[in-house]
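Sharing a structure below in structure tokens format, with a few things to ask.
Every chain is named by a letter (A, B, C, D and E) in the order it is written, and numbering of its residues begins at 1.
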Amino acid sequence: MSVTAGFFLNRGAFSLDVEFELPGRGVTALFGPSGCGKTTLLRAMAGLEPEARGYLKVGDVVWQDGHYCLPTHRRSLGYVFQEPSLFDHLNVRRNIAYGQRRMAREATGSSMDRVVDLLGLESLLERKPQQLSGGEQQRVAIARALAVNPDLLLLDEPLAALDEARKAEILPWLESLHRELSIPVLYVSHARDEVARLADHLLLLEAGQLSAAGPVNELFARLDLPLAHRPDTETIIQTRVAGHDPDYELSWLDFSGGRFILAGNQLPAGSPARLQVKANDVSITLDRQQGTSILNIFPAVVDEMAADGRARVMVRLKLRDQPLLCRITRKSAAELNLMPGKAVFAQIKSVALLL
Amino acid sequence: MFAEQDVAALLLSLKLAGLTTLILLMLGTPLAWWLARSHWRYRYVLEALVALPLVLPPTVLGFYLLVALGPEGPVGRLMEALGGSSLAFTFAGLVIGSVLYSLPFVVQPLQNAFQSVGLRPMEVAATLGASPVDRFFSIALPLARPGFLTATVLGFAHTLGEFGVVLMIGGNIPGRTQVISIAIYDHVEALAYERAHWIAAGLLLFSFLLLLTVYRLNRRLPGART
Amino acid sequence: GEVYIAVASNFAETARQLALQFEKKTGQKVRLSFGSTGKQYAQIRHGAPFQAWFAADARRPMLLEKEGRMVSGSRFTYARGRLVLWSPTPGLVDDGEKILRQGSFRHLAVANPRLAPYGLAARQALESLGLWQSLQDRLVRGENIGQTFQFVKTGNAELGLVAASQVLRDGMPVQGSYWLLPADLHEPIEQQAVLLKNQVHAREFLEFVAGEAGRAIILANGYEVP
Amino acid sequence: MFAEQDVAALLLSLKLAGLTTLILLMLGTPLAWWLARSHWRYRYVLEALVALPLVLPPTVLGFYLLVALGPEGPVGRLMEALGGSSLAFTFAGLVIGSVLYSLPFVVQPLQNAFQSVGLRPMEVAATLGASPVDRFFSIALPLARPGFLTATVLGFAHTLGEFGVVLMIGGNIPGRTQVISIAIYDHVEALAYERAHWIAAGLLLFSFLLLLTVYRLNRRLPGART
Amino acid sequence: MSVTAGFFLNRGAFSLDVEFELPGRGVTALFGPSGCGKTTLLRAMAGLEPEARGYLKVGDVVWQDGHYCLPTHRRSLGYVFQEPSLFDHLNVRRNIAYGQRRMAREATGSSMDRVVDLLGLESLLERKPQQLSGGEQQRVAIARALAVNPDLLLLDEPLAALDEARKAEILPWLESLHRELSIPVLYVSHARDEVARLADHLLLLEAGQLSAAGPVNELFARLDLPLAHRPDTETIIQTRVAGHDPDYELSWLDFSGGRFILAGNQLPAGSPARLQVKANDVSITLDRQQGTSILNIFPAVVDEMAADGRARVMVRLKLRDQPLLCRITRKSAAELNLMPGKAVFAQIKSVALLL
């Protein structure tokens, strides 16, 4: 069910001109500053921008090309709009049921219960949208889009109005969802955290043009993209669960550069796991240190250095062939006399690792 | 208190008003929808045309209808060519006249209501797999409810009270085209004021109760934030 | 010096000609208001600012006199109406009574007998002919004689009992065929005028109408004069 | 082509329709606003009352108005007690009748429009320091624009074409209460079809151009997302 | 201009019952899960919930008490609603000017230019709201509320739809704003970052009741509140700028427990500065370490320890009398043999410090 798409739209001051592919499964994050065209692109993919020219192929089905345009209601998609946009005349239950009843595929009666449960909507089912708080409305909108079991999921900042606790509940479910359903998900987000956690792929949009596209871990590690110079720059590391320390409820995760120790032991041995390491959480020492609370210390080689503002440098280390970004002060870099090729140790606080 | 003939006239009026309102809603809804949604450049010409019958006095409109329905009028000829007979002095003719005359009272409130529904709910419904017809019925109609209420009330009441057009093309045939408005008028003109008062009072009371019921059922739910 | 005069609709055209002559002769301006006799009676009772009234019958002027709402003694018959059976189709009613008896038509237009004196006369005539009952479901009723004429004129009713003043100019039909009903088939249609306010120019106008010049004009328009 | 009197009637009609519409908007706006916002339990009674005049035939409504406004009616007595004179057969009387008759056509679209504005924009305006009156004019009015357009068009056109009420309480007095709709009707009644056609055509053309201009100016801006 | 408030509102399933004070200046964050009543409280303070009983005093002026209720338009407040809620019939310029023109106080013509400039709205001034992206709309709404120079600012998640870069521009300005204007600001947010950065005080709302209220740095350091057990728990430390290292563009910041080294030298010497230290960014060593990129190392004493999930512990250190939260694995705690009273060193990566 991979997606091939290209859209062109001219709107005076703004014009959209993109071509991209989405892998057949997994989450692709759509990332870019306000007003760069994220919503416009999603709308075009949903068939809601009649002026947009372009093509779109989902799996083997052509949704749109030069001559042909499948109308929105025939496109099997779930779309969470940037504003909740609930139907004011229907209560929560009937809002959620609306799309479900109209699915072509075999009705999955259970999916209603599942999304209601996931999004904590039991007590709200009989309310009208006007009687809900902002976050509650957004949860209903997410539930409504998820309940249709679509071939393509378009999410326009679905979690923006939710609190951390609720996000922490929904994110893993979205992850498991896309793993189970194996459909492509295009996810607009401003939060690097969410992106890092959820997305496999990344589309970087700037002023209507794609400035980069590719796997999240590659893009996050590139020093030439503006991504690298945000306060929350991070590296994504692909690992495999090697085993557990039952006494302390820790997990061992192997990657090409060594073995991570991670709090928690939910993941079964042998399963893949993605780690997120913030550049701010990595420190560099010349010697391997003892008597420290930091568990993850790896030998590394300085690969490249780039100024990051005037007081700091961004250092790309190599842990064998795994790149790792690390942000330190210029002063530290000078005092440690860092330069490409130098052998050092990278210290990563185990608790700074995310699934 | 009420003569048999007056009762017959009242029933005929209700039938006429009901049928006219039904037809008006059926014709007016797609028209209003189209007017509310179309981006056609000359849409406003059609909007102006819809409101136009209003500016003619009903009797004059009735007169022209009579001309059109007559054997030499376009509609009359068409009917004859089709093997039918003239529509003047028939109930069907009354319906046609009333529909034409009350059209703007139905189309305009509906058009406004559809406009205020906005595009967004329709777009959302489309992404949820609802076809245009489906989303029209499941989303646009319920959201436009106040407009439908207004359209129905104005259309129905206006037809009940309508008089000039009906008088002109109906021929005031008791039991066939004599509606209640004409009956009251007749009593007033014939100086049978007492009888006119009774019927007018009855009609007002009946209509008031009807309107009361309609508006009462339509009360907004309390406590809604927006 | 303006004179305000209410005139029954059927006398409208004739009254215009009379007013024109009167104005030429006296330099007084005459303002004519047309309407049905029933309406004008109600208006006069409720303070309408007319100084004289040309009604379409004798009944309502007599009512006014009884109520003392007019200058007593001013009531007089200004014209006597004649009923004709008329059709715009040449030859159709050349043989007057026969076509009524044959019934080879779909609609016969008459004025509403309750409201219009010409309607009452029509009813009396049909009753005299013994046709009132049998023609019931072919009758279409106009509110007044003007509307009755329009039913026929537009061809929606094949023929109708209308005022001679509407179809005869100087004794000849304007169009089609007609049958002047014998005067003994119905009571005379006495059209009476009254002075409502003792205003000098209004009185002069009534005198003018009753005089030679006035009578000539009335005669030429298809009425009889006493 | 157009007689002096017809031109006077047209001007009077425009004056009447304009003034009536103005008054309707001035009365109807606060009433509609209140109906749209109030949480009064028996609000619906008032809603039903507003629509009630519609169900009476205009002439009958006019008759009751005549009774009320005439020198012996309650309003007439009040006026006289206040040193004024009866309003029947005056331009002011026409305005009162038209306002009453066209009220629902103005109130209902406005009420719907105000309802669809919603509370939120008004709340935002309040937090920005706008007093209730200020935010009514700066927020509610402009957002309710389509409703105002509909109300104005329906109110104006309906008054232009209004006939029964105006005929009854106006008395069809040339230059004072004879409006264009009555003038056309008179011509039709007097069989002056030619003249009626010309005036009707002129009125239609004029109204069409007026409506065209109004609707054209009101075209939605293209490209708006919602 | 301090604020004393109490509100009570019953809405069936939900009821609000709070009493609190806001200091006369500075930002108070209103924090709590979705549906806990944050929006309802703000609306009540604005006078938009006619059913809410209560009292509200702003400075010396009573806005509301048992007998009296100042109507909303007479309350000098700026309110950014949770949804942008722009006036659809006005373009951006006139939306912003709307409130400004209605201010009682002397018109500050410049404030329009200032907010337009700050929020990057120059190129959008002539647009209608329907022609703006979601984030753009929210920026206009913020500008509109700020342009009125109110006595009390109520912000309902104003930055939720904004990207990090834009947030990073607006946040300091909001800070400077409340410093300059010295008015109380009540700020609803789900993001601890924003709260930590902006707020001096905190109201914790749960199901319509205040569960805690007080200075941010105290509340953030309390281990008994749910706040302490979120992934982004942090400590706020009040410091004063002692001087600068011009070579490396670093600043020295003194607090009771020692001297921080911070990248950047914008702050003038002598000015106060608030530091945010995430519990995840603190590591503990037994000895003071050498040859490390970490610049901020302080002697500390273990004050209290609390389990944080099953694999981790939350440790409160004391740097003299400054508390500092630190999250480490249970394994590290065991290996370092940590216990209350033990002397250790706290390592904080300088780049992990925020203004």
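Going forward, contacts are C-beta pairs under 8 Å (C-beta built on N, C-alpha and C of every residue); 3 or more make two chains touch, one makes a residue touch a chain.
Everything quoted here is computed from the prediction, not taken from an experiment.
If you take chain A and chain B together, no chain is in touch with both. With contact taken as defined at the outset, chain C and chain E are each touched by D. Summarising the inter-chain layout, the chain whose CA centre lies farthest from the centre of chain A is C. Chain centres here are Cα averages; for chain A and chain E they lie 26 Å apart.
Chain C has its Cα centroid 91 Å from the Cα centroid of chain A.
Computed from the mean C-alpha positions, the centre of chain C lies at a distance of 35 Å from the centre of chain D. For the pair chain D and chain E, the distance between mean C-alpha positions equals 56 Å. In chain D, the residues touching two or more other chains are 59, 63, 120, 188, 223, 225-226.
Within chain A, contacts with two or more other chains are made by no residue at all.
Residue positions of chain C with contacts to 2 or more other chains are 39, 42, 147, 150. You'll find the chains touch as A-B, A-E, B-C, B-D, C-D, D-E. Listing the residues of chain C that touch chain B in their complex gives 36, 38-39, 41-42, 60, 63, 106-107, 109, 112, 114-115, 137, 139-143, 147, 150-151, 154-157.
Listing the residues of chain A that touch chain E in their complex gives 13, 32-35, 38-40, 82-83, 123, 132-136, 139, 156-157, 160-166, 168, 190-192, 230-232, 245, 247-250, 261, 263-265, 280-281, 283-287, 289-295, 309-312, 326-334, 336, 347, 349-352.
Contact residues of chain A toward chain B in the complex are 46-48, 71-73, 75-79, 81, 85, 87-89, 98-99, 102-104, 128, 130-131, 144-145, 148.
Of all the residues in chain B, the ones that touch chain A in their complex are 120-121, 123-132, 134-135, 138-139, 142-143, 145, 221, 223-226.
Looking at the complex, you find that chain B touches chain D at residues 39, 43-45, 47-49, 51-52, 54-61, 63-64, 104-105, 108-109, 111-113, 115-116, 118-120, 146-147, 150, 153-154, 157-158, 160-164, 181-182, 184-185, 188, 196, 200, 203-204, 207-208, 211-212, 214-216, 218-220, 222, 225-226.
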